[in-house]
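You will see two complexes here that share chain A, one where it goes with chain B and one where it goes with chain C.
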Partner chain A sequence: MIEKKPPFFVGYLGIPKALKGFLLKLSLLIFAGFIAGAVLAGATQDDPGQAGFRFDYGRQTVTGVLETTPYPLLYVTEGNERIKEGRTMMLSGQGKTPIMANLPKLEGKQVKVSGIILKRGELDMLQVAGGNRGIEDLSREGQIPSSEPLGRWELQGEICDGKCLAGAMNPGRGLAHKACANLCLLADIPPVFVSSNPVQGEEFLLVAGPDGGPFPRELYHYVGQFLELEANLERRGDLLVLIVDPDHIKAIK
Partner chain B sequence: MDQAQAIFFAFQIWCSIGALIALFFLTIGIDRIDEDAQGAYVFRLLLIPAILLIWPLVLWRWFILETERDAWPNRHRPPRHAHFWVAIALAVFIPVIILVSLSVRQTWPVDFEPQKLSLLEERKS
Partner chain C sequence: MSVKYIPVQWNNNKWKYNAVMLASVFAYLWIFIFVTPDLMSNEGRINGAVHNARAFGSCAFLMLSVILCIGPLARLDNRFLPLLYNRRHFGVMTAFVAITHASYIINWYFAFSPSNKYEALLFSNTSYGQLSGFPFEVFGIFALFCLVILAATSHDFWLKFLTPRIWKRIHYLIYAAYISVVAHVGLGILQDQQNHTFTVIFILAAIVVATLHVMAALHEKKHGDPLAAESGDWVKVCETTDMQEGYAKIAQLTAKERVAIFLHEGKLSAISNACAHQNGPLGEGKIIRCLVTCPWHGFQYDVTNGSSPAPFTEKVPTYNLKVEGNTILVDRHANEPGTYVEPVPLNIQGAAA
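After this line comes the complex of A and B, so read on.
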């Protein structure tokens, strides 16, 4: 008596008839599983919103007064169609390249800056062009606007780097988002606090350290987390600056 | 010390122990448990990175071979006898891990309105 052997699948041979139904059902199940997994994973993500590099605007060139503390800021004195006079623009280098090295000597001077705009709603930033085209010293002294204290505030929101938030990336969640943001901050890219609701009409606030300088590395742990904090607020140009207080900042549970 | 510093410190400790074990294993141990390694030295440098990371396994295998407890045929048993239970475990644990991570995720404080506490001048006085 010949023993009937069970069907056996070999990839490079034809599919045994007895296995065709099983393989078809399994294939459909796996396919549906991948689609369901993709839909569920996508549903858990936040809508990144509309933001990005505005290459369609072309390179923008404006003149203004440079301030480097806490981060590179340009108080625009001669604007253009896209960047109006009186605007305060945060500046960044290309990618995660720092631009601060040569800037302190230009503090308070008039400069001509060229670059590409990044924009998310009311938040914008100028990615400065590389080399000598980026920032040109006009050898004229300028007037840095005085800051206006706006009091102490209790806020909730998130500290991100202003470049990825403004559209260089789509802000996400978790460790990768936090690591990316911290690498940006190490490259002198201005950090931005995203408030749960507008403060003095602004949703995005430049973040400075407790001494008014750069955001301290000891607080990088808080970047990319939802926070509640108490901090002093001031207005520089048309930009709000949040002076963080290390003793009054914690992650929301 | 924040979380990142703690993780980095733990990693430094782990690799330091691994370096110590690599020193002893590659100069003493490997000659005692593998006769093919005797007289061969250059390749030992290539083992250092792996020993830094998996030094507990190196210690365990060194102990097993040194004490002649190694049942070498077992090492060649097909591993698939465990596949069924591993598949069941993965099917359970992966969704559990995803659900737990989603459940402990922070929620954006959409309803929180910024509160003004005081003016700077008032605070200084």
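After this line comes the complex of A and C, so read on.
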């Protein structure tokens, strides 16, 4: 039986008449498909929430007492309009630049700190200007507030790097952001636990290792995952610190 | 076809093809990057670098999906063959879009650190022992390498230099790249999505690609070239009444060898079914101006000797054939490429003009 042959296309010759209509419709379909894809994929991205650098506040300069364990913290003694006296500010270097190297000698001393605020809701952090140049030693001893134990808590939530979470990157949390978060943590940026339920009225808790020091690298596998954990909680200044226990932490999603 | 290598042998159809594809890609990127931010009713604004990375990444995925649909669509319906004609240009575009996606990611997430950003990409997440939080970046790196290799070797120079067999095998990397992209997206951005629109688009695209391949395989199984009937050195291919002037009948001689028997001006000639260019199915082509013309890229051969017309140098093997009664038989032993074989007159009442 003789079959009817379809129109035959040769690239360097003209398009067969019988194919012209089909190819025109196909071209329009491809074009429309890409447009539809862009609208659907682009316009339905998740809301990263209101967060970011507050350059509109300008550079902030405050005085306080420096503590470096588990991460650089400033207990503000002389605040300003944006950063009130009595606040405990987490500090970070610029970008992912570590700032810890020269800080231990300033432990417990009065310092003047200058930088830009990052803010997401109740979470804020001060990005110190020009690395250590943003921290001026006032050569005065200060008083680090004593920590207040708040007992052992069972919590669910996510460990993030506090800086991206506070708005250095939007979005700045989740598994797709895990590598960036790990790189931030390696740069002395304070990790923050985002609790599913408020703890003592707070959603964001600074994370410390089991010895009260920095969050250990062997636990970085948990960063970005949804976790269930049991840990000791304490208050330092107005900041809650979660002392993670490696034996009581697990991913649940 | 060409006797020398030039960057691109442009013709009207290539311009039109590239215009449609480039317009689609530019429209996608422009809408995603500049229009969709105003369509979102989000409280916060996604960082520009992240937004752009997503635009280029999702576009590359869509382009790759389209590329992988072209092959099976052309097998299922010849009208899609024009999409195959310039697919390599679309592949090169895809590689550039994917490179741009990677650049945004590396220069955003892995920058601003004293560490080398390329090293940071590799060492910052080493959770290889877990699915949730797996360093999905490695799948993206692998896919990008594949796409760059494919783009870099896409020119006909490499086809000739590597031989079509090796070139085609290298270019099967496109499947590895696609699977890797699926893993990259599946273990990455999809893990964090609250709005699942992109997840649905992603899964649908992957299902369409997989389904079309299965359909093409089933179609090939059902309507594929028949296995030539065994009869010593001479194998039965088809009946004389099956032949149509200017077209061929294809028969499978072995698992890897197919013969295409053409009827041209009332006479039969047999050549290998595999085009010397990219192994395109010559038997699905047509005789134009006395020359067998490949349906993929239009390479041409003299049906009596399997040689491309001068000054071109491509050659394919020929086969001896004979007609017994109404049956066309072909000698299973191929002649050297370019060997002349006297065409065999066909009992004219059996063939369709």
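Assorted remarks:
Here is the rule we use: the second predicted complex is superposed on the first by the 205 of 253 C-alpha atoms of A that agree within 3 Å, B and C clash if a C-alpha of one lies under 4 Å from a C-alpha of the other, contacts with A are read in each partner's own complex, and residues count from 1 in each chain.
The working rule: a contact is a pair of C-beta atoms (placed from the backbone, for glycine too) under 8 Å apart; a residue touches a chain by one contact, two chains touch by 3 or more.
Predicted model only: the values in this text are computed from it and were never measured.
Once the two complexes are overlaid on the shared chain, A:Glu230 sits against chain B while remaining clear of chain C.
By the document's definition of touching, both partners, chain B and chain C, reach A:His221. After overlaying the two complexes on the shared chain, residue contacts for A:Ser27 are found with chain C alone; chain B is out of touch.
In the superposition on chain A, A:Ala43 makes contact with chain C only, while chain B stays out of contact range.
Once the two complexes are laid over each other on the shared chain, residue contacts for A:Ser139 go to neither chain B nor chain C. Of the two partner chains placed by the overlay, only chain B lies in contact with A:Gly157; chain C stays clear of it. Counted by residues of chain A touched, the larger count belongs to C, out of chain B and chain C. Residues 44, 46, 220-221, 225, 251, 253 of chain A contact both chain B in one complex and chain C in the other. Note for the complex: chain B touches chain A at residues 2-4, 102, 105-123.
By the touch criterion stated above, chain A contacts chain B in their complex at residues 44, 46, 149, 151-158, 173, 195-199, 218, 220-221, 225-226, 228, 230, 232, 251-253. Interface residues of chain A facing chain C in the complex, by the touch rule stated above, are 1-3, 5-15, 19, 22-23, 26-27, 30-31, 33-35, 37-52, 94-98, 169-171, 174-180, 182-183, 186-187, 220-225, 251, 253. Residue ranges of chain C in contact with chain A, taken from their complex: 9, 11-14, 20-21, 23-25, 27-33, 35-37, 39-40, 42-47, 50-51, 54-55, 58-59, 62, 66, 78-83, 85-86, 108-115, 120-121, 124-125, 127, 129-130, 132-133, 135-137, 187-189, 191-195, 197-198, 201, 241-242, 244, 247, 285-286, 288, 293, 295, 297-298, 352.
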